[in-house]
Amino acid sequence: MKDLTKTLRQISLSAWFGIVVVSVYILVAFFAPVIAPYGETEIVGGVFEPWSDEFLLGTDNLGRDLYSRLVYGARNTVGIAILTTLLAFAFGSLMGVLSATIGGWLDQLMGRSVDVLMAIPQLIFALLLLTIFGTSIINMILIIALLDSTRVYRLSRAAAVNVVAMDYIEAAKLRGEGLGYLIFREILPNITAPLVAEFGLRFCYVFLLISALSFLGLGIQPPTADWGSMVRESANLISFGEVTPLIPALAIALLTVAVNFIADWFLHRSTGLKG
Amino acid sequence: MTDNDLLLNIKGLRIEALSDDGWNEIVHGVDLTLKRGEVMGLIGESGAGKSTIGLAAMGFTRDGCRISGGSVVFDGEELLEKNEKQKQALRGSRIAYVAQSAASSFNPAHRLIDQCCETAVLHNVLDRDTARDEAVELYEKLRLPNPGEIGFRYPHQVSGGQLQRVMTAMAMSCKPDLIIFDEPTTALDVTTQIEVLSAIRDIVRQFNTAAIYITHDLAVVAQMADKIKVLRYGNEVEEADTRIMLSDPKEEYTRSLWAVRSHRSVEKPAVKDSDVPIISIQNISASYGSDGPRVLHDVSFDIHKGRTVAVVGESGSGKSTTARCLSGLLPISEGCILHNGEELPISSKQRSKEQLRELQMIYQIADTALNPKQRICDIIGRPLQFFLGLRGEEKKARVRELLTLIELDPDIYYSRYPTELSGGQKQRIGIARALAAEPDFIICDEITSALDQLVAEGILKLLERLQSELGLSYMFITHDLATVEAIADDVVVMQYGKVVEAGTKHEVFRPPHHPYTELLLSSVPDMNPDWLTGLLQQRAAMDGSGESVKRPEASNPKESVCQSN
Amino acid sequence: MHASISSLVLNRLLLGVVTLFVISIIIFCGVELLPGDLAQEILGQSATPESIAAFRQQLGLDRPATERYLEWLLGVVSGDFGASLANGREISELMGERLGNTLFLAGMSALISIPLALTLGVLAALYRNTAFDKGTSICTLTAISYPEFFVAYILIFLLAQTGFFPSISNISGDMSLMEKAYRTVLPALTMTMVVTAHMMRMTRAALINLLGSPYIEMARLKGVSPARVIVRHALPNALGIVINVIALNLAYLVVGVVIVEVVFVYPGLGQLLVDSVAKRDITVVQACSLIFAMTYVLLNLLADVLSTLSNPRLIHQR
């Protein structure tokens, strides 16, 4: 308990900002139907109506309430990004730790495959694969998770290799311990800190990539409310000096900034960097 | 003594370090005075604040430290009142520094000679060409091989002992009034240490430079210093002239430091020919990788029940490699290893659980040997469960028993994490983990070399007690001959992957020696301040008579490559 | 003496060639993996079996995959990427000018961002933990968190609304260089903001990492001034890392233009790629992906080789 209050006191100002923002997003995502005045895909007014008491942020190109769609977007955009990141982590970190622990041919094979996958720029690769498999939410989640797991693999392997070099792992191996014990009892507890920080950073990356794809019209498809495609749908308004299209973009930016602030603070703390 | 003679006058120096709970004082008001041309030895265990004080003498603190009180007067001027620019002008030109690890303290991107001359040129003491000529002269004075050429190499192309002398030359380049030597020979092998020590001593005397010599090794400081100051936890314990300090220390703490080296084990009865050794290493050879260089050549020796075999050698001698072969981590290409007369499978993976249990290992660095995320009870409890099938209350009781056995209070330490323990306590947990498996043979790999002498002494005594109570056999790997004298029954001397000499401690340590054993033995510094002078005279005389004690067998391959190209 | 460094470089080059080869196979095979029949996909459900068969023959789908791959690869090497499925035009013709435009945009952004980022990175490392450092840290962290289109629209909102710069960068080959540059300012600025933040953070981190080394402390204890410590003692050792940082971001500039090109309707390769993905014009997507991947691989390769060459331990061996 004393440790907890001490940790709380040491959280930096920017990290506090991050924590507050992320909490707000989570609340909004959970209580979207309560908060939003209209349904996600409900057509409630005319096309591109201006801001008013009835429609807080006006309506979009089909006459849907932008504020409601923004609220629902928290669910869809963030939810999909978290799901994708989780998938990438489950696969990438498992393979990374396995590679580091077993070594030999598995490590070689994984290393070379990841090298090739990473040699193709991610956005381009994603576009290529989406063309081949067709644009759907499931395809997008799987493709991005696979591509992003290469980064997770690299990090978790590097972290695990450092741990595997420790004498306590040698001691466990000399005892004749099995792979499961080595991975779950000896190695994983020692690499959780970098993995947690990386989760924040990877989430930002995935979140931005999905938003970018949606913005290009190749990610989350209508009528699902999503911030990236909302920017795209209302982009033309910007030429008329309207700020409306900037709002969903701001929603994206704010969340990534917040998560980055938290991850940055966590990374500092866990690596003991003072600089 | 007039004030004019005083070069350095530190009064009431206080230094604070930043930790999680804010600034903590680590040096609590230390005084230090040094006359021109005088050498002071600063001695103490880790955490005594020796390096911090040494750096403060230059008006410097590391990141996360600050000087919070006192004064540092150098040649009549207060350093702590000077600004960064003024301090910069002093550093290198009038006060120089020689760091512990020369290999990492030279910039890998520049030639040695450029780094040596940088100080003199920057401070406008010499122009570039003169600085170069003088550097070469200094190399010569420091007895570096090929003085005209060695400066044109990059740091990674030169061996550690030579780099340390080049760094001394760099410190000397502006003929400073004061040099801080921060453990300059700690990372070196004993035989290399002699060369560096004598070179440093001669050059400091020649230029009448004052020096602060920081070390944890009493015998080394005895050779180098005119007076010695003993520090502990950032406080001064006592200060006296070297000879007085060595013959008649006043304080209890100092006496305990002095007493460490006098410990001797009880002599055990001789081994009978009919006894089957618990471990018999028979003509093993090994190399790293399938086509890598061979690192062990035809190594053989026996370890008998209840005895301690010390395997001694310098870095690269193959002593740790032998341990890796023994534990089945490195495959042997020839020969075999017998355990109680039965051949052990080469790889640990092929050994039975019983075989794994009976052979345990204790590591050099306790920090990396204990999983920081596991509690003490889990670390010691795991082998109990794994090998002996103990669970629940039974396991708990046994862990407590083991903690008591290694002299740690189970009520306090049972559920702690390794990071909450001191170095010596961690090493004890490592011992308890090995004991938990109820082995009959334990490999101890340099287990005391990372510890302070008093703590190391405690560990050695514990091991001896355990041996007499439990009848354990040890293979004790070390580079420190004092440790060998303290604990060994039998000694194996190794060099370049071969056994040079083997036998009981008395056989090996009593003349006539093998030339390499002789070199090793004679290189270990004595507490006698005249030891280095005597040794050098003796060696010079032997060189004159044509009987060289220098590097018998082939000379170190690394050094010879450096000297020839 | 230098035998091993040249073999190291040669090794890396060879690996690069192999990587490119594998990438070409992946890109080619991707199309083979298409669920269902490509001809059917393109012509739609209503197509007659005869027309599908004819189209298959036109595409060469009736021949074995290895044969078609070799033919495609030979074509690519000689600059012939085949024809677009959507409009039948030569792909090399479609891409020619657009590739030039994309490189122009990337080059312009690089010219601004690299010197800016390196200077800021060195300054932040020099004045680390000061208000300047903390301020830039928050700014750059914020900048890398923004989606590119957000930055782009903010710039449009601030700079194009007020009429300083055009919000649509429709450049063409017959414009003068100045005119081109003027119209490219906003997209270039967008890229600069994103890339500079990245590069600066990496440069700062690399330098600070080095500043903890014992040889830096030694330099300070020799009385070397802080600026000289950075320039003479830290930078030569950070060179390898800095080269990698630059290459990584150059690669990002070339590849990351996709979004920015779409926002500003800039006639570059990225926009072509996005349009073709939407139209499922596979041959064009293939060609664009290959060009992007090649640029990326070559830049990384160049960085690897250069940073190997800048490592004193490797150049001056024992």
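Letters are used for the chains, namely A, B and C, taken in the order the chains are written, and counting of residues starts over at 1 for each.
Here is the rule we use: contacts are C-beta pairs under 8 Å (C-beta built on N, C-alpha and C of every residue); 3 or more make two chains touch, one makes a residue touch a chain.
Remember, it's a predicted structure, so these values are computed and weren't measured experimentally.
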Checklist entry - Viewed as a graph of touching chains, is the assembly arranged as a line, ring, star, complete set, or other? => result complete
Item to check | Greatest separation from chain A - chain, by CA centre | outcome: B
Next on the checklist: Could you work out how far the Cα centre of chain B sits from that of chain C, in whole Å?
Outcome noted: 50
Item to check | chain A and chain B, separation of their C-alpha mean positions in angstrom | outcome: 48
Checklist outcome for this item: Chain centres from averaged Cα atoms put chain A and chain C apart, in whole Å, by 22
Checklist outcome for this item: Residue ranges of chain B touching at least 2 other chains are 63
Item to check | Junction residues of chain A, two or more chains touched | outcome: 275
Item to check | Touching two or more other chains - residues of chain C | outcome: 212
Item to check | chain A to chain B touching residues, read off their complex | outcome: 6, 10, 166-168, 170-177, 185-186, 189-190, 274-275
Next on the checklist: Quick check on the complex: what are the chain B residues that touch chain C?
Outcome noted: 55, 58, 60, 62-63, 87-93, 96-97, 99, 101, 104-110, 118-119, 122-123, 153-154, 156-157, 170, 561-562, 565
Checklist entry - In their shared complex, at which residues does chain C touch chain B? => result 212-215, 217-225, 228, 233, 236-237, 312-313, 316-318
Item to check | In the complex, chain A residues that touch chain C | outcome: 14, 115-116, 119-121, 123-125, 127-134, 204, 208, 211-212, 215-218, 228, 231, 235, 238-239, 241, 243, 245-246, 249-250, 252-253, 256-257, 259-261, 264, 275
Next on the checklist: Can you tell me which positions in chain C touch chain A when the two form their complex?
Outcome noted: 19, 22-23, 26-27, 30-31, 33-35, 128-129, 138, 141-142, 144-150, 153-154, 156-157, 160-161, 167, 208, 211-212, 251-252, 255-256, 258-259, 262-263, 273-274, 276-278, 280, 282, 285-286, 288-289, 292-293, 296-297, 300
